[in-house]
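Below, chain A partners chain B and then partners chain C, in two separate complexes.
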Partner chain A sequence: MLEVRDLHVQYGRLVALRGVSFSIAEGEIACIVGPNGAGKSTTLLTVSGVLKPTRGEVIYDGKPISGLSPEAIAGLGVTQVPEGRHIFTGLTIEENLRVGAALRRDRDETRKDMERIYETFPILGQRKTQAAGKLSGGEQQMLAIGRALMSRPKLMTIDEPSLGLAPKIVDRVYEVLTELRASRGLTLLIVEQSSERALKAADRLHVLRNGEMQLSGRAADLKDGAEVHKAYFGFTKEHSGEVMI
Partner chain B sequence: MEPNSPFQRTLREFWPLLILSALVTAVVVIIQAFGDPIVSRSLTEALIRLVVVVALFIFIGNSGLMSFGHIAFMMIGAYATAWQTMPVMTKGIFAPGLPEYLLQNSHHWIPATLIGGVAASVVALVAGLALMRLSGIAASIGTFAFLMVFYSFYLQWSTWTAGQSSLVGLPMTTTPWVGLVFSLVAIAVAFFYARSRFGLALRASREDAVAAQASGVNVQVQRLIAFVVSAFLCGLAGGLYGHFLGLLTVDTFYLPLTFITIAMLVVGGMNSLSGAVVGTLFVSFAIEILRVLERGVTVGVPVKLPANSAEVGLGIILLLVLIFRRTGITRNQEIYWPWKPVVSVSSVTRRQS
Partner chain C sequence: MAFALQVLIDGLSLGSFYALAALGIGLLFGVLKLINFAHGAFITFGAYALILPSAATEATLGIGALPAIPLVILIVGVVVALALLSEFAVFRPLRDSSPATLMVGSFALGFVIQNLIIMIYGGRPKAVGLWSDLSAGVTLMEGVSVPKLQLIIIGVTISLMLALVFFLKKTRWGIHMRAAAEDFRMARMLGVKADLVIMLAVAISGMLAAAVSLLYVVQTGILDFRMGVPMMLFAFIATVVGGMGSLVGAVAGGFAVGMLSILLQTFLPSDIRAYRDVFVFLVVIVVLLMRPQGLFLSSAVRERV
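Moving on, here comes the complex of A and B:
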């Protein structure tokens, strides 16, 4: 469904990605893990068209999309849940969801989708006329996901859904994401710092460090964690090994 | 009244529009009932400014970008209208450069004012293509430069605008009632715009431009739409202003008017339509009181403020608002349905973290 080929991205003279390649099959949950500054967010921003690659391309449904504007890419069914959620705090919850449907013209269907999101996240339905800024962190993350769903994405990219949330809430977020894959056939590309959580949630794992892909593989094959650890940190786990990030 | 009945829901939805329209209408009716011609003139001027401030709200309030250039749209509208409505006799003397058709004909003020609005919005469309690419303070400075350019241009364009002198002899058709009608139209336009998907998309970009783009909002296009709509209303207000004063001078449309209209919006609350309306009424009223005191009144003892107290007073009001209530009199909120909310949230809400 999505193929990233030899992606090079620079911020001015600072090189963020040097030749990153990976692909995602339809209906898959793919996680990109890696330490700070590895280029995880850069990868997502390039997929959604906010950043332009200096070399390489992003191919979605067989067509190159790396030259398109963010709005155009969103129109093709690739929606991003940005890092730090970026909900519209001054707008009401309902307005946040309406903005998510900014590209749609089918009013009745949009209405139905909104009701469906209120069913998935009852808390949003109960408080739909309140300012979104009044929601708790976990609720805001649910709203950000709900807003992304309003565009009826085929591929949803999520940047650090666990950022600043209590572990229990993070569990709930991943539960919701797994449910969404099952109920809507959604393909998910998730950026995550914790390789442990990524191994639990993902079908396929990609480890990124220093702008280069260190390791890609099926999560099931990487379960014991040693390879991931080496790819993540650049050295093998010499001590007992019960601690993993 | 049955809670949650369709009628009540509709009423709640349109509440800010209804209450603001009623407020403005009530003010006009009450003041007109006294029939004082001087006060009635101040009222008309306040109503024209209300149209401008509501127009400013449409752009500034929804986009979050400050504009210092909207008075130029008022000027463009004012002159475009005057070129149509001035008596044929005076046109030849004051604006001999006008095209033959305009020199030979004089039109009714209503279609002329509408055309003035269109002229302002066409200029906004062209200028906006460039200006709306800017963000933050750069955009504000850009709009300010735009005002300066048009001010200088009109000042030098003497065969059309009479330059340093004035266009005179405009029919004085703008009564308080005309001002009221246009104010109500402006309020309705602002209300329905803010609710529309265009208004919503623009407000989303104000809150968070990156996230709005990620949702498929083209921020530049949305800003441009608001810019053009607000320029149209400013153009109408300009047309009304010419037919209120009876003469047009380029100097009328520069910094003092820019400052007072922005002050009205800031005092009321920049991000709400209620703020635009309440701010205009409040500031106009305060200035009027100060003007009366400048002329001198006797309340037991004679009170007389020095000249220009109104300007100083406006500055003080603005400072006080910025210090103590930065979100304006309305705290950037619309006037909400005053009765109990229909959905109770406290008991069913389960905080998740």
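Moving on, here comes the complex of A and C:
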């Protein structure tokens, strides 16, 4: 479904990605983990068209999309829940969802989708006319996911969904994401700093460090952890066996 | 009581000009982070569009000789066209530059438009009698008579504001515009069409400028190539006092500055009345010392801190 080939991205003279390649199959949950500054967010922003690669390309459904504008890429069914969620705090919850449906013209269906999101996240339905800025961090994360769903995406990328949230809420976020794959056949690309929870949810794991892909493999094959540890930190852990990162 | 009403209406009608101009400026600041120094030139251009292009001292009405409805449509059309042209020629090419570059660009654009006006129409002020019957007085109550025009100015301003509120709150494009004003990149990632939203904001800003052009010419009866500048200056003060980025603040700031000017005009001793604006600015400075973020802090600004 998505293929990233030899991606190079720079911020001015600062090189953020140096030849990153990976691919995602339809209906898969893929997870990119890596330390701070590895290039995870850069990868997602390039997939969304916010950043332009200096070399390499992003292929979606067989077509190169790296030259398209963010709104055009959104129109193809690729949506992003960015780091820090970026909900529109001055808009109401309902208006946030309406912006999520920016590309749609089918009013009745949009309405129904909104109701579905209120069913999944009852707190959003109860407070739909309130300013979104009043929501707690966990609720904002739910809203950001709901807003992304309003476009009926085929591929959803999520940047650090657990950032700043209590463990219990992170569990709920992952529960929702896993359900979404099951109920809608949504393909997910999740970026996380810690791989523990991601490993549980993901089918495929990619470890990114220093702008290079260190390791890619089926999550089931990487349960042991030692290999992931080495890819993540760049050195072997003495007593392997448990996932510490 | 009668006196208070008179002062109130004077203040509201002067404040209407500032509020309309401040809205036009505030809208573009919200979406583009552009401090548009060309807004005053937009206002002036709309006013000059009423007369035939000529450097003669006597003005001959062109569009201004038409009946009210086509006249308003054409003047609004001219200013919107000028605003959109500015967007394509200046603002869009500079969109990814820093806000400072954009601001300097708009400053240059303002000068270009102003000098174009001098080239075409000459630099001398011209008298224009447009809808002069509107200056006839209306008796509101015992001892209170105000020009019909003042009531029209206040009415038009309030109607335009209500229309803008409806547009921003209830329509699809209005909601997209508010989202884009808050977080442009995020809005684009959700599929909001950036170019269209910006063009729309620029067009509405032009519409608001045209409203000021018309009302101002009817009130003063004079065309001057500098006429938009003081209007813009006071509008900037209004947006800063209200809180940069807040439209409610821009409107409230506009009315507050208008009201303050009229109050000073009324109560200052006659020999220092000529320096009214000095006192207006003095109050503005005091307000900003106490509330540097403006009276109405916008949510967009709050988030960025």
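Criterion: the second predicted complex is superposed on the first by the 240 of 245 C-alpha atoms of A that agree within 3 Å, B and C clash if a C-alpha of one lies under 4 Å from a C-alpha of the other, contacts with A are read in each partner's own complex, and residues count from 1 in each chain.
FYI, a contact is a pair of C-beta atoms (placed from the backbone, for glycine too) under 8 Å apart; a residue touches a chain by one contact, two chains touch by 3 or more.
Every value quoted in this text rests on a predicted model; they were computed, and no experiment measured them.
Chemist: Overlaying on chain A: chain B and chain C, fit or clash?
Modeler: The answer is clash.
Chemist: Among the partners chain B and chain C, which is in contact with a greater number of residues of chain A?
Modeler: It is B that touches the greater number of chain A residues.
Chemist: So in the superposed three-chain picture, is A:Phe233 touching just chain B, just chain C, both, or none of them (first/second/both/neither)?
Modeler: Once the two structures are laid over each other on A, A:Phe233 reaches no partner at all.
Chemist: Should A:Gly100 be classified as contacting the first partner (chain B), the second (chain C), both, or neither?
Modeler: both
Chemist: Once the structures are superposed on A, label A:Pro70 by its partner contacts, choosing first (chain B), second (chain C), both or neither.
Modeler: both
Chemist: For A:Thr89, decide between first (touching chain B), second (touching chain C), both and neither.
Modeler: In the superposition, A:Thr89 contacts both chain B and chain C.
Chemist: Between chain B (first) and chain C (second), which does A:Gln130 come into contact with in this model arrangement: first, second, both, or neither?
Modeler: first
Chemist: Pick out the shared contact residues on chain A: the ones touching chain B in one complex and chain C in the other.
Modeler: In the superposed arrangement, which is not itself an observed complex, chain A uses residues 48, 50, 69-71, 74-75, 79-80, 82, 86, 88-91, 95-96, 98-100, 102-103, 147-148, 151 for both chain B and chain C.
Chemist: Touching residues of chain A toward chain B in the complex: what are they?
Modeler: 48, 50, 69-71, 74-75, 79-80, 82, 86-91, 95-96, 98-100, 102-103, 123, 126-127, 129-130, 136-139, 147-148, 151, 165-166, 168-169, 172
Chemist: Okay, in this complex, where on chain C does chain A touch?
Modeler: That would be residues 172, 175-176, 178-179, 182-183, 185-194, 298-300, 302-303 of chain C.
Chemist: Under the touch definition given earlier, write down the residues of chain B that touch chain A in their complex.
Modeler: The touching residues are 197, 200-201, 203-204, 206-208, 210-218, 271, 341, 343, 345, 348-353.
Chemist: Which of the residues in chain A come into contact with chain C in the complex?
Modeler: That would be residues 48, 50, 69-71, 74-75, 79-80, 82, 86, 88-91, 95-96, 98-100, 102-103, 131, 133, 147-148, 151 of chain A.
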